[in-house]
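Below: one structure, written as structure tokens.
We just call them A, B and C in the order they show up, numbering each chain from 1.
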Amino acid sequence: MSKFKLKRIGLVASVILVLVIIGGIFFGINAQKQQLKGTDKLQTVKETHTMRWGVKCDTRLFGLIDPKTGESQGFDVDIARAVTAQIAKDQGTTIKPEFTPVTTNSKIQLLKNNQVDAVAASMTITPERAKVVDFTKSYFPAGQSILVKKGSPVTSIRDLNNPKYTVIGIMGTTALDTMKKFAPNAKVIAMPDNSQALSALESGQGDAITTDNAILYGLAQQSHDTQVVGKPFTNQPYGLAVNKGQASLRKAVDRALQETIDNGTYNRLIQKWFSNIPGLDWRELTK
Amino acid sequence: MSGAFSTSNVQYLLKGLGVTVGVSIISIIISFIAGSVLGIILYEKVPYFTKTVRLIVNTIRNLPLLLIIFFTYFALPKLGVELNAFSATVFAMSVFEATMVAEIIRGGLLSVGIGQTEGALSTGMNKVQTLWYIILPQALKRSIPPLISQFISLVKDTSLATAIVLPELMFRSQVIYGQNPKYMVPMFITIAALYFVVNYSLSLLAKWFDKRLV
Amino acid sequence: MIDIFTQNWQTILNGFWVTILSSVIGLVGSLLLGTIFALLELAPSRSLRIIGTAFVEFFRNIPLLVITMFFYVVVSSSFKIGGFWSGTIGLILYTSAFIAECLRGGIASVDAGQMEGARSNGLTYTQAMTHIVLPQGFRLAIPSLGNQFINLVKNSSILSFVAGFDLMYQANVISGANLDPFNTYIIVGILYLLITASVSWVVKRLENRIGKEVIR
């Protein structure tokens, strides 16, 4: 093979390689946009007979992996199951729920990426998030609170407003922003997940964890050394979420959620998960 | 039996070992094949083409694997590539390790040397035949020890997939010690031992090849 | 893509700085520790050799994440170390095992006659090792050491697992907020390439300079 010929082959091959990469990216972006615009998720769910839910895997009471089954279990998961069953009933078909574990930081990304159809992952309804996803009405009345070691001098959020205290938050939650409003002088650190936040508190890297009260009750249940103090100081209800622009799916989920509340399933699930939490009267949560 | 080593916990953890080994084996096979092809391209010095491939290989080699995993799982779906945690891990590891393998294979090819090529060409074999029958088999043989070291890294690096919630060994140990902080130390000892056994056997294999080849 | 940088440049630069800081500390620490363990591995005393080999084999064969998480969740309950130090100590221990292997290789390729010659000139083993053999071993090991430094920079992304506020951690925070992982990770990737490319440039220069010295 002559040198000249080889040179030409090399050049053509390189150009093709570069074009394939760049073309692939553009084609992919466009195809994805078209697909997201065109598809009605409710229709897809009905056709595939599966509804893919993003649920937590590290949150006691809401979504925590049970080694016996290898699946997440908790209030979120049960609500997702009940809602899926109700949608199936409403639509006159069968739908199987499928669960993908998500982290606090990844839940919205996975929803936007179409890797899940809906999210039930103790997610607070905020105007900021509502710009990118569509929420149903609230399914759990959460509010921010603080968890401290037993015997800590901190008894309320006000006590934390002091530079000698370090408050632990969880990455990707809204809790630390709120915290800064109530206790601007406290130092803050962010942990990637709840269990690491708890070990940080237990090991003395921080003086308090702040996040939704319900999650803190789960942590308090897990570690006998800690307790939730003070009343929740915010109102941050949890909502189920679907991707922006999926109006029919959101309506179907909303309707199913209301029916689950009306037929008493909701209250049964509240009792199942929250009746033996010290300091929490589960009846306050029923609808 | 309850505690850190209850039957259900042990079963759960061992399934994680299965996931770790599964991801490793699939990634090793894919990255070996893709890496060999890339290594040959790097060695052959095709005008322009080798330089383009070298640029891509060097770019990927010099990025953290963790970044590639995140990119695969969170960004590639934006291009319509739908991946679950398992396939995203396999994809990211295969791409990353292929560039590592490419460099090792290229080194192996270079060490077999130009002398052999000339000798083979003089017997009337063409360039492709020479590469396929004479150079490549010897180069692969010489590459076995560094390849095994690379694959040990691969097995260890599967633990990074914890970040995208792949239920492999590391993730599952975290789930178990999440039940009770008392389980932390036993869990760390257990998974360290499991990783060590897998990797140390691989490194003994590498040493055995090393001795036999010298 | 540029607006991601203009909107988050402070966060990104903070992360960039932490990544560099952790890598530099990791480099110094693992060089020191790696040298010690290479010397132990080659020591005349059998028990010292066993200790050195055991250390190196242990840390080479378990994932960096396991070491880092151990410091982060177990050790941190007795000693107050945060994410940054858990990650950086993990990096030092893990990398030092690899550096010990590189150095051992370098030292092994120093001509055995050098040690014998030095000893016959009246130097003790320690003197001969530290003044004659080790410096040459270092020089011979530079190419493979350079590879380890690049790995060290890449591995510093382990800090993102333990809230170490490094570049990778900040990338996750930013992409979680702007929902544009595609461009965010590309920007962060470019920053990592900037560091790793500079490291390999420095290593290349060092190699050339020392190569020339050896010829002379």
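To be clear about the criterion, a contact is a pair of C-beta atoms (placed from the backbone, for glycine too) under 8 Å apart; a residue touches a chain by one contact, two chains touch by 3 or more.
Note that the coordinates shown come from a computational prediction; the quantities given were computed from them, not determined experimentally.
Nearest to the common centre of all protein CA atoms is the CA centroid of chain B.
When the interfaces A-C and B-C are ranked by how many C-beta pairs touch across them, B-C comes first.
For this pair, chain A with chain B, the centres built from the Cα atoms lie 32 Å apart.
Centre to centre, using the average C-alpha position, chain A and chain C are separated by 36 Å. Averaging Cα coordinates per chain places chain B and chain C 20 Å apart. Contacts with at least two other chains are made by residues 106, 109, 199, 202 of chain A. With touch defined as above, residues shared between interfaces to two or more other chains in chain B number as follows: 74, 78, 174. In chain C, the positions touching at least two other chains are 73, 160-161, 172, 175, 181. If you check the complex, the residues on chain B that touch chain A are 8-9, 11-13, 15, 46-53, 74, 77-85, 127, 164-165, 167, 172, 174-176, 178-181. Those residues of chain C whose C-beta lies close enough to touch chain B in the complex are 57-58, 60-66, 69-70, 73-74, 150, 154-158, 160-161, 168, 171-172, 175, 181-182, 185, 188-189, 192-193, 196-197, 200.
Those residues of chain B that touch chain C in the shared complex are 59, 62-67, 70-71, 74-75, 78, 152, 156-160, 162-163, 170, 174, 177, 184-185, 188, 191-192, 195-196, 199-200, 203. Of all the residues in chain C, the ones that touch chain A in their complex are 72-73, 76-78, 80, 82, 160-163, 172-173, 175-176, 179, 181.
Those residues of chain A lying in contact with chain C across their complex are 105-106, 108-109, 112, 132, 171-172, 189-192, 196, 199-200, 202-205.
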